[in-house]
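Paired with subunit B in one complex and with subunit C in the other, subunit A is shared by the two complexes that follow.
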Partner chain A sequence: MRLASLSAKVRQAIDWRLPVTAAILSAAFLPILWSVISSLKAESLPEMLGMLHGPFLGALRRSLILMTAVVAGSLAVGWPGGTLLGLVEFPGRRVLLASLAVPLFTPSFLWAIGLSSFRPFLAYRHQWWLDGFPGAFLTGVVQTFPLVVFAALLGARTLPASLLEAAQLAGGFWGFFKASSRFSLPAGLGASVLGGVLALADPGPAQIMGYHGIASEILIAFSARYDAGLAARKALLMTMVLLPVVLAVSWKVSLWSEARLLGREMRKANRRFEGILPAVTVLGFVFIYVALLSPALVGLTRPLKGAQTADALQYGLTVLKQSAGTTLRYGFTAAVVATVLGIVLSLTCGRCHPFRLTVLLFSFLVLSLPPSLHALGFAGMAAQLPKSFDWFMRGGNAVGIAFGLRLSPIPALFCLRAWSVMPESCHQVAVLHGVPAFQYLWRVALPQLAPAMAGSLLLVALVSIADVSSTLLLLPPGAGTFTSRIFGVIDNASERILSGLCVVYVLSGFILVGFFAIVEALWRRRLGGSR
Partner chain B sequence: MENLSKAYGRNRVLSGLSMSVQAQRNLLLTGPSGCGKSTLLRLIAGLETLDEGTIRIEGSLVSERGRIVRAPHKRGLAMVFQDLGLWPNLTAFQNVMLGLARVRLSRREKSERVRAILKACDMTSKADARPPQLSVGEQQRVALARAMAVRPKLLLLDEPSLVLVSHNPFDANSISADVAVLEAGTIRESGSLEQLHNRPRSQTLQAWKNETQPPHV
Partner chain C sequence: MIGPNQLETARLESCPQRERVPAQTQSLTRKWSRGALLAGLFLVGCNRRESEQQSRVHSDVVVYSSVDDAYARPLCERFSQVTKIKVRLVLDTEETKSTGLLNRLIAEKTRPQADVFWSGDPVRAAVLQRKGISAPYLSPQARGLPAGISDPQGQFTAFSARMRVIIFNQKLLEGKKAPASIFDLIAPRFRGKACLANPLFGTTSMHAAALFQVLGQEKAKEFFQRLTENKVKMLSSNGEVRRRVVAGDFEIGLTDSDDANVALKEGAPIGFVLPDQDGMGTLLVPNAVVLIAGGPNAENAKRFIDFLLSPESEQWLAESEAAQMALRGEIAPPKFFGRPLGEIRLMKADVAPMAAQLEELAQGFLEEWVQQQMGLAAERRPSR
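Moving on, here comes the complex of A and B:
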């Protein structure tokens, strides 16, 4: 876009949209900034860099190796898989997609427990495959590849029908697949880097697999040495090392998303294929998916044998019942805060190119930075602010609000996408006919955004519930989510009890995702098919 | 319209364009792709600001350089967009009804007007269908009904050939007797269809004349 046209659009939008957008982005980014500033105040940069030696440097190196491996592994599985699922319609596709969503909403330490528990099935000389680095790597891939699948799927779905049909005519199914794969690569790469950073910042699998990384260093500084400042400085150092990669990928993915993901409404291509090749490819992906997930699932159920199985499951249900109120409260608050902010962001951005690009860049940046940096900044702000801020900066509300702020980019991306596929002429007709803004918002805009809003609410709630590292940093004394309760007993509960808790969690995840998949299908049916 | 200019970045779309449209007349604005036809309609509708020039409707200034003087919905016009701009979640009836948001009528009167216009467009049986459930032709009729329902003083049709079937301007005399040819950002020639057909000066009409028999006006 030319500079003159760009500046004209900025001028048009500057009236009220600029302060609103800036306020929301600042709120999401402020805790991170707080962490950075307070760390630099406490210790100068050269002093902080002095920490980069000995055990800390070793932990950092291990974490970076893990991150690189998870990015490569999840991209190798998720990118072609997601492209395939975006291109081909087949019976059971929706069930497969719903089941793929479960690992996203399940704490990574739970998969680590499953894999670790699967070890006795292997011969002793092969048990190292599920220990240390290989174990942490597998856990990271299991957790991350569904994210890559969904991102690549979304990328493949944005291909114009004419392009797909041309590729199909030129090279059949294989040509069609190759053309789409190139198109979905940026989305897949962005998701895999995001997953890699989250794997690096997650202390759970490291603790279980015995692969001591930087996330464990931060958690120990905070919860064992009670030194939030040290934890923040370590988190900042980790961020500084990651920043070049995160910035480069965020910039690239933002540009791509702005041009493609938020593109114009497009005609849908025929995605039904006959023949052996599509069927074999789909079956191949399903086989890889089952092969990746089944060891952890089998491992989780292994200790549940004999007479005490019912007791273990009963205990799991009791803990779920005890912590359900707190868990749902945090999840619900986070979902509402994030979705409201996301909707406002998408409405303020509209189709203004510089605004959308800025929001996308901030979104990917906030999501890709280690969650602990945000949580520590939020806790630091709560400690410094006056008492009148306590109702939302401390206690139960704080956890949900902190998550809501950090995850607000998710609904923003969803709603921006939903808003952008609506032709601009729809809004212009409303302007021409003088439809009042509130009426247009209520009758047309919000119903159009409704599926994106529902998806965002669910996603943010489940991601918040599954998180353990930020929850442990922000949780008020005595409170506990289902996830933090499981994490709290990893070291001292019996294998059977732990297994009961994990199985109840995974089953709850499947039930929840299944429920929402059915609601979504009914909603689609109610809207009726298109010609 | 006097001395209109509009550019997108370095791409100058309209340059010193001046023309007028008489009341109670149909005008067909034609020209090659990308010559600025849609831009001109959007400027008249008040959806874009002018870089230079002025636009008046019934003598009143509505747009001037860098400023929308009268808001689009106060200009007494309606427009059918190239992609129709139907609200996808509303039925055909609701689409037309919401288009009457600013018309000062009771709800019952609005409903009657909507029913009448849908009947005129032969869309009564599809009044409860949403746009994705309608064929392209039916969607076009709903968009036309929505525009006509407000009884505009000026009706702008972007790519009317798509809505009203005709393609060649010399075949379009059923909807238009006056033609203006837009080339290189300005009006190359204008007048009645009969005059222009006899002595076309613009490349657009010369090319089309070679394809078509003389129109009967």
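Moving on, here comes the complex of A and C:
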């Protein structure tokens, strides 16, 4: 009887899940689809096949090499680092975590310019380290490894205490660390692939460093030929080539996540360690972290010396005052839209494996396509719609809405993972007692998803604030975000002004993230202890 | 139907000890939800208000510009002060890291938001003309501007100009002869010591198209080939050329006059020359202003164009840090150039056909050349 009731529930769930999942995925994909469809002609297929010649394939190969290297590099630094930060409590841990968010909200072209400006500190024969592949790789790793750190940290924080205590008893700190690392690997790998895909789709650093990948090919179609259709077709071709790789990784990570993370004991292990080994490993990670970030930061701040430094900083503060409201508003809107869509997606998928896999696949697809393509599709749709839609498609929140749609896969991934670690027993009890679905979601599921929601809100806000190319295409006339203002002066403003802007941007972002970290700490304290 | 208390009991009984959701969490969730709802309503309100502001068409003009913030914004503010018409500005740069406003204009062609496009060079304006996005407007303020550079039907009008210059690092060239021609880039003495920006983008692309026009196909191709042989480094942008020459990574670089001016203002140890004064001349890169067809505020757009083309605006651009050369002979040249426009030998390149020429080059020779520079030559198919 009970089983029959459960089966009916499942059937009912599939009935509404499918259209809801399809609707959200379509909404996220629609602007890209618009760009692609409006660019397709009768002769498009032969033309696309014709593109598959030497330079295109060469660029694709280079992009795949870069992506693989970024995935490997960021995983090598971020996975153990994140696991360590998830396991060991030490003074200044929260400050370190807040500072790790800096690369996420700083536009990639600034890191590339920073690295490029670091050249004078190196002898000419060593400057190749910042050219071509090494430069693009370094920029990619700097931007991706914090994502891996946070993902691995979250993975390590949800480990079953009994397992860890057993590992600790058997192998001491190393045993504890190794056992934790195995659990945080899927999350770390997923994040590194995500970062690698984002690095592959970003033309800025590659252009600055002189590494001609597929993103540069697409940029040439956009900015040298002014042919968005050609860019769309190239992007489509790239996606078709990438699809098997993305599919394989999504499948593996999905299976791995389920095998490792589903329903288990949630008691937390003791995270206070005595002895020199934990301290040395933490110091080692901090050293690598500083070594990775400092060249770009030193390069960016190098021109700030002499009497005009105060003027440059003053200019930065003026721009901050003028653009902070708009920047935060767009970030907030993007975060809310993406997180709401992500939660709904994760709820519709639940524990249904085909659904989860579909969402994972679409997530990587949407994120791997160039942001400009999405933004241009959005702008093109807005131009075709009647004027009465302008408040939605061209108003102040259009930037946030477009970002929210494109980045909705990020919260979806976060919430899918959070949903999978919720004990299934909760759900079964609710079903057995006939608890209304909405009540169950409101009182049981959402509080459990809260940390993932908070994390994705922050991450989407940071990533969308850092983006420039989409913002420029969607920004309502007269408005300006901080990053678009920086972009507006990079070509001709003095180095000092650019440095002043960068310093103010990074510091204000750091303060903002620090504020969130403090609020989060107070919230946890109010709930009675660390999670 | 079970009550809330039974639900709570059932839920707590079903979960292990540490899985329980504290009551405070639920209370906080409720508070956060209310907060999120209020914030959502606020955002919708803001959006509607902004949309209403956008529909107040008579007091605004929407300007898209690829000119730098530092020069475009103050001039727009001056216009607003004089006319009480608010300028709503969207800025881009010539840097090659974004898709660019031109693509936005193309995407918005059906129902444009922009009234005016203020381009840093006339080629982008000519592209808009080719795509049917510009509308003709012959401004009365254009009197006194040389006719040959602008479109005769008024699809775009050129005014204040930059020039393509060669900058050099004075410390590295101390005691040596300064470059005098763009052909010095292929001179053996600068082998591996010269740089230029990617010729597929920005003013460097215009320069490339001008070279093809003035030198002819064969000589231009040979010039580019010899750039490769002389190990001239291709960088991402003119700004990067300036940075690398100032840093001493290269002795000379081909860039824009405003880049040279910025470096000199910062006290960088560089010098510059207007190339080919004894030969084919220096390339003039004027600004160009375009009236967008079907823009929402056509009358205000015309007033803005009139303002930009006025002698006062040219004067302001000449005196500001932009150091742009006025095209009207009666306006004093910026100190940076040291001589009036009439005394400078200019390249005799026709702007109007450049857009088509550039499009052809971008999918032909220049694309191949860039790929060659990026080390993709070996991957290229045998012939095109």
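Here is the rule we use: the second predicted complex is superposed on the first by the 347 of 531 C-alpha atoms of A that agree within 3 Å, B and C clash if a C-alpha of one lies under 4 Å from a C-alpha of the other, contacts with A are read in each partner's own complex, and residues count from 1 in each chain.
FYI, a residue touches a chain if its C-beta (ideal position, glycine included) is under 8 Å from a C-beta of that chain, and two chains touch if they have at least 3 such contacts.
Just so you know, these numbers come straight off a predicted model, no measurement behind them.
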Using the superposition on chain A described above, determine whether A:448 touches subunit B (first), subunit C (second), both, or neither. both
Considering only the touch criterion stated at the top, classify A:278 as touching first (subunit B), second (subunit C), both, or neither. neither
Between subunit B (first) and subunit C (second), which, if any, makes contact with A:409: first, second, both or neither? neither
Regarding the shared-chain residue A:429, is it in contact with subunit B (first), subunit C (second), both, or neither? both
First, second, both or neither for A:120, with subunit B first and subunit C second: second
Touching partner for A:439 - first (subunit B), second (subunit C), both, neither: both
Broader residue contact with subunit A after superposition on the shared chain, subunit B or subunit C: C
Subunit B and subunit C contact sites that coincide on subunit A, given as residue numbers: 423, 425-426, 428-430, 433-435, 439, 443-444, 447-448, 527-528
Note: in the complex, subunit C contacts subunit A through residues 1-2, 4, 6-8, 10-11, 13-19, 21-22, 24-26, 28-29, 36, 39-40, 43-44, 46-48, 50-51, 54-55, 60, 62-64, 68-71, 86-104, 106-114, 127, 131, 198, 200-201, 205, 234-240, 243-244, 247-249, 258-259, 262, 265-266, 359, 362-363, 367, 370-371, 374-376, 379-381
Show which residues of subunit A lie in contact with subunit C when the two form their complex. 53-55, 57-59, 109, 116-117, 119-120, 124, 127, 203-204, 207-208, 210-212, 216, 219-220, 222-226, 228, 265-268, 303, 329, 332-333, 336, 372, 375-376, 379-380, 382-384, 387, 390-392, 394-397, 400, 423, 425-426, 428-430, 433-435, 439, 442-444, 446-448, 450, 468-469, 472-473, 475-478, 480, 484-485, 487-497, 523, 526-528
Within their complex, subunit B touches subunit A through residues 7-11, 45, 47, 71-74, 77-79, 81-90, 94, 98-102, 130, 132-135, 146, 150
Counting only contacts in the complex, subunit A reaches subunit B at residues 1-5, 422-423, 425-426, 428-436, 439, 443-444, 447-448, 527-531
